[in-house]
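Letters A, B, C, D and E name the chains as they come in the text, with residue numbers starting at 1 for each one.
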Amino acid sequence: MAGPPEPDPLSPDAPLPNPLPRPAGELEALERAWRRPTGWRFPTVVNNTWIGVLYLGTALLFFVLAGVLALLMRAQLALPENDLIGQDLYNQLFTTHGTVMMFLFAVPAVEAMGVYLLPAMLAARDLPFPRLSAYAYWAYAIGGLVFFSSIFYGAAPDGGWFMYPPLTGKQYSPGVNADFWLLGIGFIEISAIAGAIEIIVGVLKNRAPGMTLARMPIFAWAMLVFAAMIVFAFPAVIWGTILLELERAFGWPFFIAARGGDPLLWQHLFWFFGHPEVYIIFLPAAGMVSMIIPAMVQARLVGHGLVAMALLGTGFLSFGLWVHHMFATGIPNLSLAFFSAASFAVSVPTGIQVFAWIATIATGRPRLQVPMLFILGFLFIFVLGGLTGVMVAVVPFDWQAHDTYFVVAHLHYVLIGGMVFPLLAAIYYWAPAAGGQGLSRRLGTFAFWLLFLGINLTFFPMHVSGLMGMPRRVWTYPAGMGLEVWNLLSTIGAVVAALGVLLVAIDVLLHFRIKGTMAGNPFHAGTLEWLPQGNYAARSIPRVTSREPLWDDPDLAEQVLQGRHFLPGTATGRRESLVTSPVEARPQYLAIIPGPGWAHVLAAIGTAGFFLSLTVEWVLVAAGFGALAVASVLRWLWTGTDLGEIREPAEIGGGLRLPVYATGPESVGWWAMVVLLLVDGTIFACLAFTHGFLWLVNGDGAWPPAGMALPPLPAAALPAALVAASGAAICLAGRLLRRGRALAMSLAVLAALGLLLAGLGTDLQALRAAGLRPEAHAFGAAVFANQFWQGVHAAAVLVMALYLVARSWAGMVDPVRRLTFEVVRLFWLYAVAQALAGMALTHLFPRGLA
Amino acid sequence: MQHSVFSPMGPEAARIAELAWLLFLGGGAIFLLVMLALLLALGGGEGVRRRLGARRAILAGGVAFPVAVLSALLLHVLGVAAALGAGGREPALRIEVTGRQYWWEVRYPAQGITTANEIRVPVGRRIELLLDSGDVIHSFWVPALHGKRDMIPGRVTSLRFSLDRPGVLRGQCAEFCGTQHALMAMLVIAEEESAFAAWVARHKVPVAAPADPTLALGWQAFGRAGCGACHAIHGTPWAGRSGPDLTLLGERRSLAAGTLDNHQATLAGWIAGPQEIKPGNAMPAFNTVLDGKELRALAAWLESLR
Amino acid sequence: MRPRRRFALLLLALLAGCEDSDVGDRRMLVEGDPAAGLQVMRREGCGACHLIPGLRGARGRVGPPLAGFARRGYIAGQFPNRAPLLIRWIREAPAMTPDTAMPGFALTEGELRDVAAYLYRLQ
Amino acid sequence: MGRSRPEEAATAATPDAPRPTGRPEQKRGRLHALIAGLHANAADLVEHVLQHWRLVLGLLATACAGALLFAWSGLYSVAATAGHYPAFRYLLAFGLQQSVRTHTMGIEVPDNLDDPALIRRGAGHYQGGCAPCHGAPGQARNPITRRMLPEPPYLAPRIADWRPAELFWIVQHGIKYTGMPAWVAPDREDEVWAMVAFLLRLPGLELAEYQRLAYGEAAGSTTAAAEGLELLLRNGPVGGGIAACRRCHGTSGGGGPEGAFPRLQGQTETYLYEALKAYALGTRPSGIMQPVAAELDEAEMRLLARHYAAQPPDPAPPAPPADPAMLALGRRIALEGLPERRVAACAGCHGPAPGGVNPGFPRLAGQQPGYLVDQLALWMRGIRGGEYEAPSARLMALAVGVDPRRPPAREALWPLSPAEIRAVAAWYAAQPATLADPPLAASR
Amino acid sequence: MMRARAPGFSAITGALAALLVWAGHFTLIYGAHALACERGFADAALLGLPAVPALVLGASLAALLAVGLVGWRAWRRLDGSLAAEAGEDAPRFLAWLTLATALLAALAILWEAVPVLLLHSCR
């Protein structure tokens, strides 16, 4: 790096990076750059504190709404043979309750906590792509509210939150209810992935100088694992959703047994997402617990490394559990045993965390403040839920417990204990950080006891009623089977718990305020989110030398406020964030990040409108929204990304001079694209799995089935060659760009585009010419699903190529300023590789084995 | 009527119930231990807290203990699963059960019997159920018999069990299968070998046109209302197959898959207005076709089928 | 007379005292236990054809809803709504009106009175 | 690192920097600002509009208030004699044309619009429902209708102005502000297409041919049945509707050689009466039958039902040679149903069945196959037995495997595929028709 | 400034290596077992053992070896000391993390291999 051979500016022995006094106007310039929009421009806000609070508030709104649905269900089940709510509404209620809690509350709530807390905890000015998180938020909020309102006109999905076909296929669910789930939730998953990319890149690249991986707070570890799990888990359900929607809309039989499909394919895809989902929800909450307990007992987390390892291990092992939702499907016992053993294995890291928390409590001086109460409640409920979790991992026991109220009890113990209680603890714990004012201790204590007693009273009896023979998802049950008393207890408990939620809501409404600034550290915590904050986050970015900097360096808060650490002002007059290396957190460059704008808001409206109008088959309206979304995204990218080198390298203090522009693996844009390609690659793996699974269940004789044949192999050679040539052409374009030949570069890009489209087009043509049709049999459907997916990529490449060429003609791409080109090339090469792999799958896979 | 995991009627369910008790007792003990540790960490003596706060405590409580307990449990559970899965003796009776929205079709291929919503089995014989589905996914669950097994279109799953003593066991669909998932129950009736044989034999007796004028009117109404388009009665010209087989209907204990007790009055109510009782099921209302007298006669005749 | 039934009668008499006479005295004529009547109706599956307040799961619409039965003018539209006729109707409706869809119920005299007592509690 | 870049790229790279625009002084007032804004580019225009949203809202509100005031004053004349201003008339015509164009996008035109049965079916309705306003060959328009505004056109020469899909849309939906009504049963697209088929035949239609199409055998037949009907017309209550029946169904209810209309012979009186009643009430939707049936009173319906039920079946017209495999399939569906798709055996209710056939159910033996195909398609689509609750409609819907509350979304999901529907219709059409059992009413 | 690989990328994947081996092992044994049962060569002999147990045990041994290698290399980087979870020094911390995850992965692999000794392959 630049700079004379002075002592390492990151070492604790070096002098503070910036001297006093600070130049006049530095703070004002910083404030001006980070000013948040007011009045009717408020929706354009992108500051992570505001987006985080909006995000969390919306998630909590959905929590309350879905909770009301749960109360309605409990009212119906209070008495046997009750007629309060008819079966059709009841089926919508439990489907919507589950879906909203999972997709619109749990994941967004923890993502919101990440968006809100991570920059402060890592002492970053903001996340690397503020408009992306704002976009994710608006798409989620608009789409979620419209999705929820479907319950008011009877159009809510009614096939269960797990959406098992064939019940959710067009034949048994002809209305739009199932489409609301598939399209409405499908695109909210996209918003979750956007958030995950943001969090991964943010945690790896935006930490304060000196905050090595070893010093990173546990919450950041948890969010990193959480986001990485989203990257690998959500693609499965997105792919499943695409398949089911293709089946519903066009009759491609992926799940229709009579035409070669298999309902179990959906279950594999869904639970490959669905089980990790539980840990996706739990891990960030565990991370919050690991942050709150040390502050509450004023002691460092015992076994920091063990906990970090436990988070990593859980993240991995949770991908080996999915069949544990399918124990009753008749899969061979040995297969079930693999998953049973993996389920046992995943309980070890969880045990480590529980004992690490107990050990931390033992070493400190516990104070029974409201957050601590919720933590203790969490430990009680979660440990109980964890133990029943081990029980349902026992295959023969699960054959009895599966799909009964025992499982309802288990999952609510795990999710309410494992996520809602930590979240409430977090709200009570971090509320002062947001507004400088805590929530009420009295109300909080009352709320805790109501919730704790109510939750146990609601769900403990369900263990019993389940084993006494009450299946899940029943809108009524007969009298005289001994179920009456347990159900009545559950209903009473639900009302008590609801009162607790009401108290929390009242407390938040009465006492929660957001101020632009924060001062004070009421719990005397040790981590950086308790530094004094403004809209710009910390005044200067601290040099981190330990895990709990505020405990180890009591003067740090004052030094940061005075601007004596890194980047005390703004170097360019715009919003900047300090980008550091992923392991050692050494400063690499200063990234300009975009401020408020309408483009991403319009893009969110367009995206939500597009999917929702597709649901109700307003094709023209959908086209309008789609155009709005694409146009807005392009405008957002055009004005907000790849701004080029705006000025000479900037001095951030400590003798560090950082460039204000970076390309390649140093840049956050490159990292974001790599993460996106991991998502994409996982989807493609699901596509390949689909093909292989259907081949497996159909047998070689029916793959392809009689009367269907692939084109001869030579017919596939030409498309493959064209596609490969497209990859070569884009590499050539890269060389041309390096030599500064912009026009030649754009021509090469256009040529590459033509080659790719021609390659994919000829392949499709060959398949159609061979008489292959997707509707007739799962074989055709699988082949055309592959074609569909390549087509989606071709469309993306088309837009990207034209965008790149336009940028080039506008003089915004050159040998130095080439981030746009690099990102496009990365995607392009992936698309080429994927197209070739897809062709191999189609043309070689069944034949190659013969 | 047995409908609980904890009142097993056969060796398979008993083995699972034993396992369940083991899990509850062990799990309860572990829960209490952890809570005790938490309480000690909060307010225990200095020495206890120091020991709980060491890294060694994490390794002991969070690693060594679970690994030991879970390893033992894994081996034990695999033993149980092996015993349940191995199948033991070859089954002496095969019954095919097809799940349909929202009832169960039951066939005894060797005996040539088709019935619905009630499975009669002889005590002591080893029985295999072959399960499949006619529409969406259902799950066969009779808690006092065995664990549940899904019924998946395009696949055949199986469940092997035997019963120790006579009794009536209730079962219910356990996989959400649509509007009336809640009203899709069934009975398993375990009886002595001789009673079972007699039941099989009764199936072979042809049904004669009744002499009693009321029953004769019922017989006639059955035809005139078109019931035979969907329902079959063994030994009569009616052989519809899209609804449940009604042979020996009078002997069944329940109507509409466990929704109503079966007798003349409920039969009449069901025939005339099934969509109020179980909305969304496939049986149309015949109140527009049958007058009151015909309805009563029809119910009486159906009840007389025994 | 079982003590429970006596108590119920007493309660009914008390209630009847505060009601309009034309309805009250009709109920006075039935010596039955409404609670037992409800159990009989549950057992007999009356809900398969009738909507009956207080009997959960009684959703049938084949016969008339029985809400407000005590204020009903006629049984089956043709017999005066008096207890002896009601009891006879439940026992042998087809004999009274050959075309009715209402089947006869072979209940004991006591059970019939219990059922009637319950129905007359439906205001 | 630290390579410097050309200067111009640096300025281009700061799009958020304030751009020099012709923004006027604050003092010059908002209107001036708005006008100045009009000269700026489109983005600036949007920006100006957003900045001066109060003014824009105010202008809009004033315009609305003005329009309201004008309407309130009553100065505008709604007299049909007043006519439209020429420019306005042109605008209306243009709007009409464009509206029809836009709304017909995506309508698929069936390929059998030259089917004589369809033409005949449309003609029968045209005579009753359309000719009074639009005229017909040899039939002048009613002078009253000529004073409508706009005047309904004499149709034959105007048909060529529209494509079939546009005709379909106009017949189905009618036209606002013109007096052109929508189809009585808008779901019955099959009937609307029949109408279109006839309309396409209309230009250049000879008088004799028109009369054959519209009146069928109604003129001058001397069969016994015709005499019976004459008697009925003379003695019973007389209404125009009765004549309308025989225009299409024929005097003896045979339905005519084209197969355009169902055969009424051999049905029970109960069924025919129920059907007429259902048509009249609209519970059985039909744009053709409802206007006719709604004119009948109770006694007329009974008389007509009795008349047609008493007609002995005509000898069947020579059936087109059917594929034996298709007949076998149809036979299997009729006698055994398709249990795996919840389709009951048709014969259980419609005969031949061991227990006889209920007088409330139609008999299908010898019925016109086209009619059966159309009706089964309506059941599949949930149009029959759907939101309409005709007696027994739900029964039939469930019997063919359709939940009338949630009918199949597309043809591929019908419990009976179109090919199976044709097969079962062909099989029933090939069965000999017989006289129905004595009607239930007679036996009581 | 332009390096071919992002610094630290390999350090991160190194810490994940053992868990990646577990993932590969899991995919392999589950996939191979499903294929063997579906295609009916579960009982074919492989190296004298029935195919499925032989395959699973072989794969598990290989996976344990790989995990052991990863753990051993990390152990060497720690100079054989596990003290204090290797503290806050980033390279040592990552080495420690690698070793700990290797142990967890080994446990999971071991547990998943056990059932094959006790259960019938395809029932």
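Following the convention adopted for this analysis, a contact is a pair of C-beta atoms (placed from the backbone, for glycine too) under 8 Å apart; a residue touches a chain by one contact, two chains touch by 3 or more.
Only a predicted model underlies this, so the values are computations on that prediction, with no experimental measurement involved.
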{"item": "Chain labels contacting chain A and also chain B", "value": "C, D, E"}
{"item": "Each chain counted as touching chain A and chain E at once", "value": "B"}
{"item": "Identity of the chain that, by mean CA position, is farthest from chain E", "value": "C"}
{"item": "Closest chain to the centre of mass proxy, which here is the mean CA position", "value": "A"}
{"item": "Chain pair with the most C-beta contacts", "value": "A-B"}
{"item": "Chain C and chain D, separation of their C-alpha mean positions in angstrom", "value": "52"}
{"item": "Mean-CA-position distance for chain E and chain B (Å)", "value": "42"}
{"item": "Distance from chain C to chain B - Cα centre to Cα centre, in angstrom", "value": "36"}
{"item": "Gap in Å, rounded to a whole number, between the CA centres of chain D and chain A", "value": "49"}
{"item": "For chain E, residues contacting two or more additional chains", "value": "1, 85, 107, 111, 114-115, 119-120, 123"}
{"item": "Residues of chain C whose C-beta touches two or more other chains", "value": "59"}
{"item": "Sites on chain D at which at least two other chains make contact", "value": "1"}
{"item": "Every chain pair in contact, whichever chains are involved", "value": "A-B, A-C, A-D, A-E, B-C, B-D, B-E"}
{"item": "Complex interface listing, chain C residues touching chain A", "value": "56-57, 59"}
{"item": "Partner chain C, residues of chain B touching it in the complex", "value": "260-261, 263-266, 268-270, 272-273, 276-277, 287, 291-293, 295-296, 299-300"}
{"item": "Complex contacts: residues of chain C adjacent to chain B", "value": "43-46, 48-49, 59-63, 94, 98-103, 105"}
{"item": "Chain D to chain A touching residues, read off their complex", "value": "1-6, 8-10, 12-16, 406-410, 412-413"}
{"item": "For the chain D and chain B complex, residues of the former touching the latter", "value": "336-340, 342-349, 353-358, 360-361, 391-392, 394-399, 401, 403"}
